[in-house]
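Consider the two complexes below, in which subunit A is the common component and subunit B and subunit C are the respective partners.
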Partner chain A sequence: MSLPPVSSETLGHLSDEAPQAPEAGKGKGPVKSQSPLQIAFGRLRRDKVAVACAVIVLFFVLIAIFAGVIANAVGVETGPGSPATELDYLGDGMPLNGPPHYGFDPNHPFGISPSTAEDNLAQWLYGCRTSLTVAALSTIVASLIGVTMGLLAGFLGGIADRIISFVTDLFLTLPYILIALIIAPILNERFALKPDIYPQAQLWSLVAILAGFGWMSVARLVRGEVLSLREREFILSAEVIGMPTRRIMLRELLPNLVAPIVVAVSLMLPAFIAAEAALAYLGIGITQGESWGQTISQATKYFKTYPLYLWEPLIGIVVLVVALNLLGDAIRDAVDPKTRR
Partner chain B sequence: MFAYIVKRLLIGVVTIVLVSMAIFALFWYGPSSPARPICNQETSNRCTPERLENFEEQLGYNNPIWSEYGAYVKGVFVGRTIEIGNSTIDCDAPCLGVSQRSRALVWDELIERLPATVSIAAGGAALYLLLGVPIGVAAARRRGSFADKALVSSFLFISSVPYYLFALLAWLYFTLIWDVPILGSSGYTPPWESPWDWFTGLLLPWICLGIFGCTQYTRYTRGAMVEALNEDYIRTATAKGLGPRQVVYRHGLRAALVPVITIFGIDLGVLLAGTLFTEYIFDIQGIGRWGLSATYSLDLPVVSATVLFAAIIMVLSNILVDVMYSALDPRVRLA
Partner chain C sequence: MKRTKSLAAVACVALISTLAACGGDGGGGGGSTPSDQKFEEAGAGFAKVADAEGPAPEIEGAATGGDVTVYVPLDEGPEDLDPTNGWSVLGNSIQQALTHRSLTQYRKNDESGEMELVPDLATDLGTPNDDFTEWTFTVRDDVKWETGDPITPEEIKYGIERSFDSETFTSGPGQVYSVENIDCGDGYAGPADGDCSGITVEGQDITIKMVKPFPDMDFWGSFMAIGPIPLENSDFPAYGRKPLSNGPYKISEFRPTESLTLVKNDQWDPATDPARHQYVDSWTFKFNQDQQKTDQILLSDSELSSTAISYRLGASNATDLKSKLGDNYIQQTGQCVSYRAPDYTKITDINVRKAIAWAYDFDNVTLAGGNIPGVTRIPASTLMPPGMSGRKEYFPDGEQFTYQPEKAKQLLEEAGQTGMTLTYVYDDSDATLKAAAEAEKKGYEAAGFKVEMIPYQEDYYALYDDKDSDINKRLNLRNVNWCSDWPSASTMIPPLVQAGQPYNTAFFDEPDVQKAIDDIATLPAEEQPTAWGDLDEMIGTEYFPLIPLAYRNELYGAGASIGNFNGDGAMSSINFKDLFVTQ
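Moving on, here comes the complex of A and B:
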């Protein structure tokens, strides 16, 4: 367990000899060389949990991409239904067809919501889209910022490193949720009377908050890696032959950082999905448009009579987040054998 | 050591000043007019441009931002008087402003709500450390056994579920549907009024925080313990005839606790965020709930006080962790 820290390159050679990568030695001709990432991918493919999780994630991604197509095919749409005809106002305000009091309603497979009579399936499909859009955009932005900051801090060193490290620590001081708390009333005050751009403003500020307070872990990770790579021979020789700094960073350093970045990104996605739904649940995230968290917050009131309304988005979030988390964990184990149990 | 603490405190002060400046600037430039929320509030949403002008004048939003920030800082240390509408309010030394909704001093409300938040956080943290560390140690000692594998994978699964959904389901079932005796009655009662009600009211939130947090701490402790038990000095300790108990707890756990404590300090922010959800779900009137409802009603002084409070807690806990780190692990040198 107390192995000396090894870089991804030596790991590649180690794993070639280890029985963990049998296909590397198979075949008749000379041994095919594999990059560390290829080896990691091979390991991942043999991990049953990882494959199952990847299939689940793919399923949700397809739903998010084709939300509109699926909704059309089933014949459901977002937006308020007709509460006057579809809800039992004389009774407890629950739908006249479908759950919770009656059986399956083919027009609304997931049922309709109390008080607004919106179709739950359409809400769910588009909620999935919102969730994955926000998470994917935030992940891209956060990893871009994190990699840039980490590269600059690690490679330039000196004063640049100090400033970037201070900024990183400063951002780590504040949890994203507090910033959301500050931004939400401002957005509300600015855009509440402009319904055409309000949803867009909410989406982009949410991405900005999540990315703005999610890049620090990547930056730290990349900085640490760069600090150790910087002293290696291939970087020194690149410097000696007079390669410009920018080129060293992008062509020499970055390819060696792919593995840690992939790990960081794969663990960032589920965190952002959970965060998006959390903020929507608290009423300070996406309140315009569809979001799983928002549905959960509305459904809490009706839980006693209409539990299905709450379980639909809840299962969506839990399954997606758990699958992504387990997948991320498997990726980390595949890339770094030191964490293997 | 002393020089290090002073240096860390100085950096902490700089951080808090920067954060307070950022919050102040956000609320100054963020809204279309910083006086708009209070103007709407005062005139019951009939805020005409002239009235807005009046409020801007009265609240000092026509002055340059740095002079108003100066007044704010002065208020924090010396106190000041604040005029809103027709009323004049004396705001004594730690003056964080006046709540626009309730007209109460923000500082007083903060102090009033502090015990609830501290109760939740302290109880939850105590529970997850008390559960997580021993379970982690036990798992590390039986590393590779069936029990260990089952524990690791089930805890990995639990910790993958977002905390607020976990807590929400607990509340929905234990309180709303089943109405379990003792567990079901969640809410905050000050312990000096009725210790029993305080305990029963917070029991479910504590258990939620405890179970959820202990999964993480079990993982950290187990990992650190496995590493520590493979060290040479553990073999030395066993070789010189120490009992297994002493080897594991005196020699192994002491080294293993260092990373756990670091994570505990870093996690304080997560814990604060956790109490925000906990307060929201279990309807406990703590600081998180207060900040959240201030967000809905655009009560800007309250929101900024909440965020500032959280930032100060984070900075202090980070410093504390670094100091404890060196006290626990003699290998760490502070520079």
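Moving on, here comes the complex of A and C:
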């Protein structure tokens, strides 16, 4: 998730010399003042790949938000079906209707799972919701931690910087899969008697694990930025006129960091989606409710006879992650001055 | 004998193996599908061959050498290996066949394929007096521990005394069969209470006095729980981690819930043992395996798969496995039943228990749990499994329970309990078990129950036995899977319905049932089976404390290099004694 530090020229600053929008006509009419982010957004909008990826991501976001509505509209639901009537259990255990042996089944557009006869579409829709919920929450939490730590370390310097840098390095060395493996059974025991909140506990613990091991790159990035920014005149002058530290950080420094943070966040999302699926595949992520990783781990066993069952969640993950990655790259290009045309 | 935790929703039936039936389908060919498979009923008894002598008959084509790996899906294996604590199908079938000898044992008759009771550490099957209140066994003088020390009658006496200690060995069988039958004085609870005066040793003879006629002592003698235990250095739980072996194999490494590795024991003398062989070099048992992965190992053509054995084949791959494995695909019978056990102290209305039975979606739960309805599981009605002598076919609610949510709903309404919450545990870390639990939940909910499923990933029986566990206190629906210990209802009904028994997970307690059990023991042996059948019906129709879910068959499979792979009807398991690796 590391990315080259964005040089300070890229960053908008609070001085009064507004950068010129490159697309502004040469000398025709007054030059419209634009913030660097506006410029970047304008560039993004003209990037066809970025737009296509944004549409795909939006599509998945809508699916995640309206999973329940869509499932109801199509008439499918999660939970076990009726394997005794829907599967050929004395034969090879595959569905009696729909894929893999028969054509499209309108009642189950994505087919049904072997062994449980659960509807695949419903699993897919709710799996998408799980993926995006976990990834979005983790990204938010990780960026909040990372930005705070980075700002403090970079601006305060001295002992605070050393402590925070040490913690950052420490977390970088801890293997997060191992921690996840340890936490899963502990949670299971702690929340066993509260089955009502067990799914939430599982979700938040996953978010905690992912965010807890995802904030370090942001913290390092922000710290580096702050180190170079705090020697700049506008910060020095703010200090001279006696602005409180908190205000300097929030009002002077933070706005100048928006671009690198946006880039970091846009690349963090797909990484978290992939990590969520990987953990679910190992059986230590979300086991309550649906999850693409969980479906994949079940479907690998049937790949020979029922490949579609595996392809559905797999394609979901791959398309979403690739789209988010390309979008992230495009955002980075858009805010990077070196690619400024 | 308990079946494993996980096969929870499932049960099997079947006992004495009709090998013809088990081993199967002659050609074992590619064309056959499970659809021509049927559930197989167990036979009714075992022959006894008191004069069988070692060494065990050679198996045709047998070769020595080779390392066998046994994959055990959906079962965490024994918690410890202490012989006194051994009362599980898996643990006993491994240990009694390979590492731990006792007074008697079972042998598979190569010609008939039937199991027969033969001597083990004793020179014969024991000599009872006229009314079966005193048994004498003569212990062989040429048998040794893995250390080379001789096995003495005193050590067997100590083993029997130890089996009285139900405080220490909470899951051992001694608390039923020793305590109820052997005369060590009232309240005797193991070696801590001193010497048991009812067991006397004279030279190589050991004489055991009974409190009441006990004609099945020779069967009880096959349990390692009353086999020899060294007098020194055998304290629980340390001894349970690596008990001394006296069979053809000794324990090299035991990792609870993970694996057990056995290697050859050079102190075992084949001439002393009428049933065991030492063909294989080493055994590795891998517990808690993934069902599908195990199936895939057997389906693959790797080096690994040719000496692999699966302790449980998955239903979804049964067709492929059957054509791939041929003769090494076996369907084993056993007198085994799965029950749901509604907490008798919490669900007090018999109609609610019947409603649960009508709301149990047999076909779907069975399939989701990786079993095949009609082949490896059939719906059950009585406590005693088919094939058990004295069994009386009856239906607790007039007809066979099938999935009828409407009927369940009506019963529930009449009881005024609509919306009642059923609380049970399930293992959310295993997709198969989780799927079965969810299929069951769906059935209950359709009948108007509310369902609360508590995720729990360790041994269910240990949980049910833990009176202080908050989870256990919360449960009102438990389960138990039970196989007979020998072909008699006395090993089926008392362990499940007597108050205080560890596998009475319903906490059922009715004085007149207890009295009936005591009365049966006083009947002449030939009248007892019928009396058990009547008691079964009385319990089922008057109290219905346990919901019989299914009678069980099991599917086992082995790779191409495993020779003489077949089932053991006495243990309801794989016959490990006669197995070899073709060279």
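Convention: the second predicted complex is superposed on the first by the 308 of 341 C-alpha atoms of A that agree within 3 Å, B and C clash if a C-alpha of one lies under 4 Å from a C-alpha of the other, contacts with A are read in each partner's own complex, and residues count from 1 in each chain.
The working rule: a contact is a pair of C-beta atoms (placed from the backbone, for glycine too) under 8 Å apart; a residue touches a chain by one contact, two chains touch by 3 or more.
For clarity, every value in this text was computed on a predicted model and none was experimentally measured.
*Asks:* Which partner chains sit in contact with A:P270 here, subunit B, subunit C, both or neither? Use first/second/both/neither.
*Replies:* After superposing on A, A:P270 lies in contact with subunit B but is clear of subunit C.
*Asks:* Go through the superposed model and pick first if A:G283 touches only subunit B, second if only subunit C, both, or neither.
*Replies:* Both: A:G283 reaches subunit B and subunit C.
*Asks:* Between subunit B and subunit C, point out the one touching more subunit A residues.
*Replies:* B
*Asks:* Touching A:A73 in the superposition: subunit B (first), subunit C (second), both, neither?
*Replies:* neither
*Asks:* So in the superposed three-chain picture, is A:I159 touching just subunit B, just subunit C, both, or none of them (first/second/both/neither)?
*Replies:* neither
*Asks:* By the touch definition at the top of the document, which applies to A:N188: first (subunit B), second (subunit C), both, or neither?
*Replies:* Touch partners of A:N188: subunit B and subunit C.
*Asks:* Could you say whether A:Q298 touches subunit B, subunit C, both of them, or neither, answering first, second, both or neither?
*Replies:* second
*Asks:* When the two structures are overlaid on chain A, which partner does A:P175 contact: first (subunit B), second (subunit C), both, or neither?
*Replies:* Touch partner of A:P175: subunit B, not subunit C.
*Asks:* Contacts for A:L90 in the overlay, against subunit B (first) and subunit C (second): which applies, first, second, both or neither?
*Replies:* second
*Asks:* Let me test your reading of the model: by the given contact rule, A:I241 touches which partner, first (subunit B), second (subunit C), both or neither?
*Replies:* Touch partners of A:I241: none, neither subunit B nor subunit C.
*Asks:* Considering only the contact definition stated at the top, list the common interface residues of subunit A for subunit B and subunit C.
*Replies:* 185, 188, 283
*Asks:* Would you tell me which residues of subunit B are touching subunit A in their complex?
*Replies:* 11, 15, 18-19, 23, 26-27, 30-32, 36-37, 149, 152, 156-157, 160-162, 164-165, 168-169, 172, 176-177, 226-227, 230-231, 266, 269-270, 272-273, 276-277, 280, 291-292, 295-296, 298, 300, 303-304, 306-307, 310-311, 314-315, 318
*Asks:* Provide the residue numbers of subunit A that touch subunit C in the complex, in ascending order.
*Replies:* It is residues 79-80, 82-85, 87, 89-93, 114-117, 185, 188, 192-193, 195, 198, 283, 287-288, 294, 297-298, 301-302 of subunit A that touch subunit C.
*Asks:* Using the touch rule from the top, collect the residues of subunit C that touch subunit A in their complex.
*Replies:* Those residues of subunit C that touch subunit A are 33-35, 292-293, 295-296, 315-320, 363-364, 366-368, 370, 372-375, 428-429, 431-432, 434-435, 438-439, 442, 452-457, 470-471, 474.
*Asks:* Which residues of subunit A touch subunit B in the complex?
*Replies:* 1-2, 166, 169-170, 172-175, 177-179, 181-186, 188-190, 270, 274, 277-278, 281-284, 296, 300, 303-304, 310, 314, 317-318, 321-322, 325-326, 329, 341
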